[in-house]
Amino acid sequence: MDYYIGLAQIIGIHTLLGLSAYAVLLTGQVSLAQAGFFAIGAYVGGMLTVLAGWHVLSGMIVAGLVAGVVATLVGFPALRVKGLMLVVATTAFGEAVRLFFFNFNYRIRRGDVLIGPSGGEGFRQIRFFQENGWSTIEMALFIWAIVILVLATLWWLDRSRAGTVWRAVGEDELAAQSAGVSITAVKVSAMGLGGVIAGLGGALYAHNTTHIEHAQFGVVLATFAIAYPILGGLTSVLGTLAAVVFIQGFLVEGLRFLGDWRNLLFGALIVLAMNLRPNGLLDASAVAALRRGLSFRRKGAAHARA
Amino acid sequence: MLELKGLSKHFGGVKAVDGVDLRVRKGEIVGLIGPNGSGKSTTVNLVCGVYPATAGRIMFEGADITRLAPHKRVRGGLARTFQNIRLFQRLTVWENLWVARNTAGQGEPRRLFGNWVGGQRAARASVEELLEFAGLHSKRDMVTGALAFGEQRRLEFARALAAEPRLLLLDEPAAGMNLEEIGDLRHRIVDLRRRGLAVLLIEHVMELVMGVSDRIAVLNFGRKIAEGSPAEIQAHPDVQAAYLGDAEV
Amino acid sequence: MQAGIIDFLQSLADGVLFGTTYAIIGIGFTLIFGVMHKLNLSFAAASIGGAYLSLALLAVWRAPSLVLLATSAAGGAALGVLVFLSCFRFIRADNALAPLMATVGMLLLIDEAIAHLTAGVPLRYPALFPDVMLDVGPMMVRSDLLFVFAIGCVATSLLMWLLYRTRVGIATRAVAQRPVAAALCGIGIGRVNATTFALAGALGGVAGALTGTAVGVLSPLLTLPITVKGLIVTVIGGLGSIPGAILAGLLVGGFENIIQHFRGVSERDLHVMLLLFAFLVFRPGGLFAPPAGRD
């Protein structure tokens, strides 16, 4: 049972990571910096609970805000570049954040041990949940409460006028500008929101694993962050959730029995998926079909009642 | 209301637009014509702020907008269409208009996240009107990529109007249209003047420009070589030379 | 003081020579981007893959250095075509995200295939060149690095010759500049694209072998750092510029080695990132930015 609860925690945290990239992708920006914001959230959140003795909730919120501010600041120079240049610039930013934490030492003495981030060794003993006696199920519920909150916010945003404007920018910047849309405001706020979400996810990740180190936040994690929304399709936030369940639940955990072969299959399946469903698993046609199916069932039920 | 003073744009050594003066008054339709590569589209892009001007000034309703950000020009009442249609292909017809309608008249991004119910109701109503105007009411929930060419042109026209402009820049709106569609377009443009809008019309289809314009300016090699009423322009020797020269090439 | 300057020059020289490999990877990215306007993130992995294929040859025959290099190039070319077929050929051209993601899948696949076949153990790569130190004044130059540099120059010159003097090359550049017009002139875009991937892949295979011989071992762990460095080189050099990629490769190689010498290996890459940011802010077009045209 604990195994499945642990899996639910991982899926929740990765969903936040994927959603942070989703927000940015809506405006047409491919950002590989999300792992960097995630790392900032993890370190800030961990330091606040471990070193400053904060509650995990307030620590997490501040971690999200800090990551959001950093992301907003990154958003302005990122406006200058597009396409491949943006991919490279954000990759480099993410790597710079990782390397910063690789060189980051901030340890204080507590009793007879030193605690805090310690360069290449990482940051150990982020044990808020354990010290306060949370059970794994409580941790999972906490994580999922946050995930659902973020999902709902993005769902609402998607259907509000802001979402339409964001997508318009993602479609054609020049046309959006000519419709009176401020590209700067849209792109920077998308970056900022993505940063907040990644920061929240990072803080939860730190407390969930209790031990973080720079190597966990590399290019691979950054590509996973964009892989979720791209594989899921940008039609709906649910696509991202579905992609996380598919990758973390099925490809990573479900295929564990394959041993070494699992990793081989992993790459091949991504290639295959992109060839067969270039617009994502939950693309517009799939969503329309789902909707039809749902409304049909509802109609059917209505008929049955009548 | 729009005034260009010595407007210039150089790309490297190429003087795409070179010291152009032009005036569009309120409720006036001004045609801008010239052979291919004469700088018409560059002029539109300068007025909209797609390119920064190399020299010269752009005045709109008395204010200098030469350095104003492009989206602020739109919000200030200056909208455009594109020579090659640029719709948001994967958004619906309704959403295309909604995006432009919502930024109309707004100066601040603070309303980006706002959900002002009253404002929304008015905006929705005006989007309905625009759907009616474009004759696309029945296709409101279609993705615009799936529309026919003529419908896309009409939608782009309506989207430009959604921003509630006082001056509309039309960049070759008749390109690729058949005679019937051009006739329809002509009615729409004349209708704009009745509503008090000013229009700067860039066009190759002479019947259209000559038919609707109050005044016509002619560009050649980035310079304005003539300006006057349609009749004057048709009789102008330099204009004939420019077009005949073009025909020889 | 004197010793400090010599140290500085020494690290600069070593770094610049090693930078040849970055330059070649950068050329590969730039070439593919130039023709298809798409990013192939699996390029560095395919390059290392090519070098591994040459190791497979070595297992059955003690081949001479040049044969090893050629095998690596051929392997890189084959993998390049495979990447083209699996990530670009069958995905619609107007979709930018799907091929990008697919190349990430290929990157993981190639890495994992290598890890699987080698049981995760780094393999020794033979010295392709005699390993002697040349005294140049007070400095020593590793002759193998000099060879790396020389081979890099030869491979790049070969590519330039192909691109500018042969039919295939001219067709490639035509597609890069005006795909539709090129198609109307009877150039098969699909075939040109495949050729580009093969060419870039061959060059990448050479880079892979050179990396192997300069580092001494091959490991799938090399691919991500080389991918990142190659991308940085591409941007610093100016997208689509081959001379820019060469110069940027040597620059990054020299720069990182100097930093490593004076600030230690843990800070090295951080400063490379800062160098990139400096370029993005002050010269976003890179060293050789293509001239800004209308439309």
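In this document, chain identifiers A, B and C correspond to the written order of the chains, with residue numbering beginning at 1 in each.
Convention: contacts are C-beta pairs under 8 Å (C-beta built on N, C-alpha and C of every residue); 3 or more make two chains touch, one makes a residue touch a chain.
Bear in mind the structure is a predicted one, so any value in this text is a computation, not a measurement.
Q: Would you identify the chain whose Cα-based centre sits farthest away from the centre of chain C?
A: Taking each chain's C-alpha mean as its centre, the farthest from chain C is B.
Q: Measuring from CA centroids, which chain ends up nearest the centre of the complete protein set?
A: A
Q: In terms of C-beta pairs in contact, which two chains are most connected?
A: Ranked by contacting C-beta pairs, first place goes to A-C.
Q: Roughly how far is chain B from chain C, centre to centre by C-alpha average, rounded to an integer in Å?
A: 46
Q: Distance between chain A and chain B based on Cα centroids, please, to the nearest Å.
A: Chain A and chain B have C-alpha centres separated by 41 Å.
Q: Would you mind pulling out the distance in Å between where the CA atoms of chain A average out and where those of chain C do?
A: Chain centroid spacing, chain A to chain C, equals 31 Å.
Q: By the touch rule stated above, which residues of chain B touch at least two different other chains?
A: Residue numbers touching two or more other chains: none in chain B.
Q: Out of chain C, which residues touch more than one other chain, so two or more?
A: There are none in chain C.
Q: Which stretch or stretches of chain A touch chain C in the complex?
A: Touching chain C from chain A are residues 25, 30, 77, 80-81, 83-85, 87-89, 91-93, 95-96, 99-100, 102-103, 119-120, 218-220, 223, 226-227, 230-231, 260-261, 263-264, 266-271, 273-275, 278-279.
Q: Quick one: in the complex, what on chain A touches chain B?
A: 160-162, 164-165, 167-168, 171-172, 174-186, 189, 284
Q: Report the residues of chain C in contact with chain A in the complex, numbered from low to high.
A: Contacts found on chain C: 33, 37, 39, 41, 86-87, 90-92, 95-102, 104-113, 115-116, 224, 227-228, 231-232, 234-235, 239, 266-267, 269-270, 273-274, 276-277, 280-281, 284.
Q: Okay, in this complex, where on chain B does chain A touch?
A: Result: residues 48, 50, 69-72, 74-75, 79-80, 82, 86-91, 95-96, 98-100, 102-104, 106, 109, 112-113, 115, 120, 143, 159-160, 162-163 of chain B touch chain A.
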